[in-house]
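The chains carry the letters A, B, C and D, assigned in the order they are written, with residues numbered from 1 in each.
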Amino acid sequence: MLKSVGLVARFDKEKALKLAEGLAEYLEEKGLKVYMESTLARKVTTKAETTPLEQMKTDFIITIGGDGTILRTSVAIPKPEPPILTINMGVRGFLTEVEPKRTFEAVDKCLKGEYRIEKCMKLSVTANGAKLPDALNEVVVTHNEPAKLLYTRILKNNEPILDCQADSLLISTQTGSTGYSLAAGGPVLDPGVDAFVLTPICPLTDFRPIVFPANSTLAIEVFRPKKMLVLVDGQHSQLISSKLPTVTVTRSKHQASFIRFKEDYYHRLQSRLLFKGTR
Amino acid sequence: MLKSVGLVARFDKEKALKLAEGLAEYLEEKGLKVYMESTLARKVTTKAETTPLEQMKTDFIITIGGDGTILRTSVAIPKPEPPILTINMGVRGFLTEVEPKRTFEAVDKCLKGEYRIEKCMKLSVTANGAKLPDALNEVVVTHNEPAKLLYTRILKNNEPILDCQADSLLISTQTGSTGYSLAAGGPVLDPGVDAFVLTPICPLTDFRPIVFPANSTLAIEVFRPKKMLVLVDGQHSQLISSKLPTVTVTRSKHQASFIRFKEDYYHRLQSRLLFKGTR
Amino acid sequence: MLKSVGLVARFDKEKALKLAEGLAEYLEEKGLKVYMESTLARKVTTKAETTPLEQMKTDFIITIGGDGTILRTSVAIPKPEPPILTINMGVRGFLTEVEPKRTFEAVDKCLKGEYRIEKCMKLSVTANGAKLPDALNEVVVTHNEPAKLLYTRILKNNEPILDCQADSLLISTQTGSTGYSLAAGGPVLDPGVDAFVLTPICPLTDFRPIVFPANSTLAIEVFRPKKMLVLVDGQHSQLISSKLPTVTVTRSKHQASFIRFKEDYYHRLQSRLLFKGTR
Amino acid sequence: MLKSVGLVARFDKEKALKLAEGLAEYLEEKGLKVYMESTLARKVTTKAETTPLEQMKTDFIITIGGDGTILRTSVAIPKPEPPILTINMGVRGFLTEVEPKRTFEAVDKCLKGEYRIEKCMKLSVTANGAKLPDALNEVVVTHNEPAKLLYTRILKNNEPILDCQADSLLISTQTGSTGYSLAAGGPVLDPGVDAFVLTPICPLTDFRPIVFPANSTLAIEVFRPKKMLVLVDGQHSQLISSKLPTVTVTRSKHQASFIRFKEDYYHRLQSRLLFKGTR
């Protein structure tokens, strides 16, 4: 049974802050222990306890916002991750489940246990040997200046396989395949496929997205310039400089957990401006 | 040890026929029992026995030609398939391994056992309940008239997931992902990924390639017009007419076997006019 | 002043036939001489005169249907073409202007002269020296069997410029650039640009759409197989067999004329499932 | 007759510096007045006069390098531009004409007058009302941080036509259409077409390249964030911050001039890893 809950919301939307306040009150009335993310807590009126994301060890978490809010939460919360219930208040909303007006209905279902957990693969990311946060959506390797080429070599399980010159290279999970990777021309990965996808942005020569098995280790070496910017889920960025800056990616042992009410991944896909066939 | 061999070649190239003759002689000198594919046998001078592809139960098979010759062989030979050594005399040569001038060198390596076997997934295909040959590259569902739309519904494990209007839909294996599916805008599937990919040709609305797990069952229902043409590996075509013509695809229990000398799938990819990064 | 009108409608939709009947009556009451397309006339109850499309020399024409109905009309009517008022009852509706419920409102505006004429470039098409109908949308050169490669050479102003192997090649007008060519991956041509675009379908190697000046002459030679199917606007198809079947395309001296009420080409584009940015 | 010449070369390649030295000597022996670009002059041993690019009013200019060197030259030299002879020592070489080993042969042809001039359209660029250098290849509008979305509105001749959310928007000339725009998925514009093309990078929703007439004025307003980075030919960059940062682009009255020996634009295209059909 769910006894404690963490609340996270985007800060830049009045509606999101109001909903967070309302939810805190509602959940406390229902007898739950409510923890509000500490930066959010400063912007709202609440009696809830506050806690930084990094210590949010609650039974579940509610995010109010778009994919950005979810990704920010998933990057920061303790592992193994508490399941996340996602209320949609964003532009890109591929990950979100619940429309705002159905918030309380969804919370009630949660408390009655009428939900299922969707586990999503994350990517373990190492840059020049140093561990970065796991990626739920994608890792981007790019130049730190706009519209400049990276000269890269791609290695699979330590063997060089291809060279690629491009503005950026993305390595995306199944979850991320409907996000930035799709915008860059990548395929959709069905959630059941055990794989990730490498998608280039503006490759100099014909270079298509490649789908790799999730248990393979993919490395990207940047041999020109002597630096690269690594972006995890659009949230965590790090500039790496060295003789041969290298990022290495493989399946993480951690997974993200989402609270879902319906089975239909593809229904969600269609309602997001995509794959809208007409009959 | 390899004691018997089947020979298959394309008929429309004099060089291929000559090489087949030479190979037959060479292999018999080496003490192997040589079987020549029966239609080929009629076009060359040979002392080898002849046999139709359907009965070519030899220790291994040599094909001389392009991907078309390999696909024709793989569709017809008895299951489980003998391993195939592929000599390249074609235009599309993604599947082929050996350049013509290295034919005898390659055969010698084979006979000394210096090779590895590459197993390739095939797709099991059913159209309106009737079994079609397994596909090594892809299954194409299309209109029987050029440039006409199919109105389709796609089902995964018997659940409708998406509607798609397009000229054609391809379901392609990892092997086939570098062939027709690539030309249609599909991603490359690394040979180690346990998946197949659905790629539309000329979809009416935005519809991207989708990668599915190999153990899923994908069905395509054509609700307009009341017919569809199904093409397996560009070799076997069948026109299906009914109220709701349906093709169903999943991983076959059979696999194709290829004789390979080098590990490098990606080297082969690069030498085929693709992914030619410059340094 | 508009005194005579031709009526054309798709046959397969009861609603379209009903609207045609109603329109005929309404227009006769308004004092216009009404001519109904002869095959349509057989399917409806009308007192209007009947005439084949080829002789429809009326002051303007009303089409009820989708792009198919418009293209069928534009291919057949006498030149110079009477202006066409397009009522949308189709799936692909890039060319249509008026939603069905606004039909009578639109007709009234027409009769009051409150409209502008949009002139659209057409392509003059010659296959092996024989004239085909002008194309309003596009000319398709394809194999007569599905999923088979054409080996082509492209000539600009009689000079060979590129070879291309593909399933099909499209040459599309500005108008057609939002239709089949777009589905094949082509760019949108703004109506004001003096150009047409060559778009390949499933090219064997990297081959991008190319935009040519409208006054250039583009020829496609098919050197394998010794035949090709030429399709004009999806309406007129012709199989050409010869040693080197060749189709030649350039700007026609004829144009299509459409009755439009609003300036906004781009508004029409957005309302057709495309370019739907969100703010 | 050509009496004076300017020399420009990339600095980072020893071979380019050596060739510049050799050329200076050769051209002086032939009786020409040689001006070496001033930063280059510092890196080589030469008796030639030195001059900054901005004052290089010679009869013609020779560039030794890739497209970057040409673009840098074209942006800086006085208008109207002296014709440029381009020696290829770069990676991206779509603009270059002469292979290094044919340098002296090409120069001899020049001096004998055996060449033609190719005029290339340039784009006039204004950002928030301030004039930027003309673009020979393209103008890029992008975020100043990598992998972040721009929310833009596109205006044609002062009328808003479409909204687009993307990482970047390119407006590219015919010349530039084979460069960055191609990498971003844009079409090739034949040099004879009187147009430019708008190509998005990683658009959030389906948004295709659009080809506009060269005499139209295209503006891009960035309504989120309140700033944008404008890049001209990858050479000149400017960060614009305001309430509604706007870049406006139209055909320039200036053109670039290139010295060419062969007619074949398409031959050059093919030799650059593209459009490599096989027969």
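Everything below uses one rule, namely that a contact is a pair of C-beta atoms (placed from the backbone, for glycine too) under 8 Å apart; a residue touches a chain by one contact, two chains touch by 3 or more.
All values reported here derive from a predicted model rather than from experimental measurement.
**Student:** Suppose chain centres are the mean of their C-alpha atoms. Which chain sits farthest from chain C?
**Tutor:** Between chain C and every other chain, the largest centroid distance is to A.
**Student:** Could you classify the chain C-chain D contact as same or different, where same means more than half of all interface residue numbers appear on both copies?
**Tutor:** same
**Student:** For chain B and chain D, what's the span in angstrom between their mean Cα positions?
**Tutor:** 45
**Student:** Between chain C and chain D, what distance separates the C-alpha centroids? Give it in angstrom.
**Tutor:** A distance of 38 Å separates the two centres.
**Student:** Nearest whole angstrom, what separates the Cα centre of chain B from the Cα centre of chain C?
**Tutor:** So the centre of chain B lies 39 Å away from the centre of chain C.
**Student:** Specify, in ascending order, the residues of chain B that touch 2 or more different other chains.
**Tutor:** In chain B, 91, 165, 204-206, 273-274, 276, 278 touch at least two other chains.
**Student:** Under the stated contact criterion, what part of chain C meets chain D in this complex?
**Tutor:** 151, 156, 161-165, 182, 186-190, 192-195, 197, 204-213, 216, 223, 264-266, 269-270, 274-279
**Student:** Mind pulling up the chain B residues that touch chain C in the complex?
**Tutor:** Residues 91-92, 140, 142-144, 146-148, 165-168, 180, 183-185, 201-206, 229, 231, 234, 237, 273-274.
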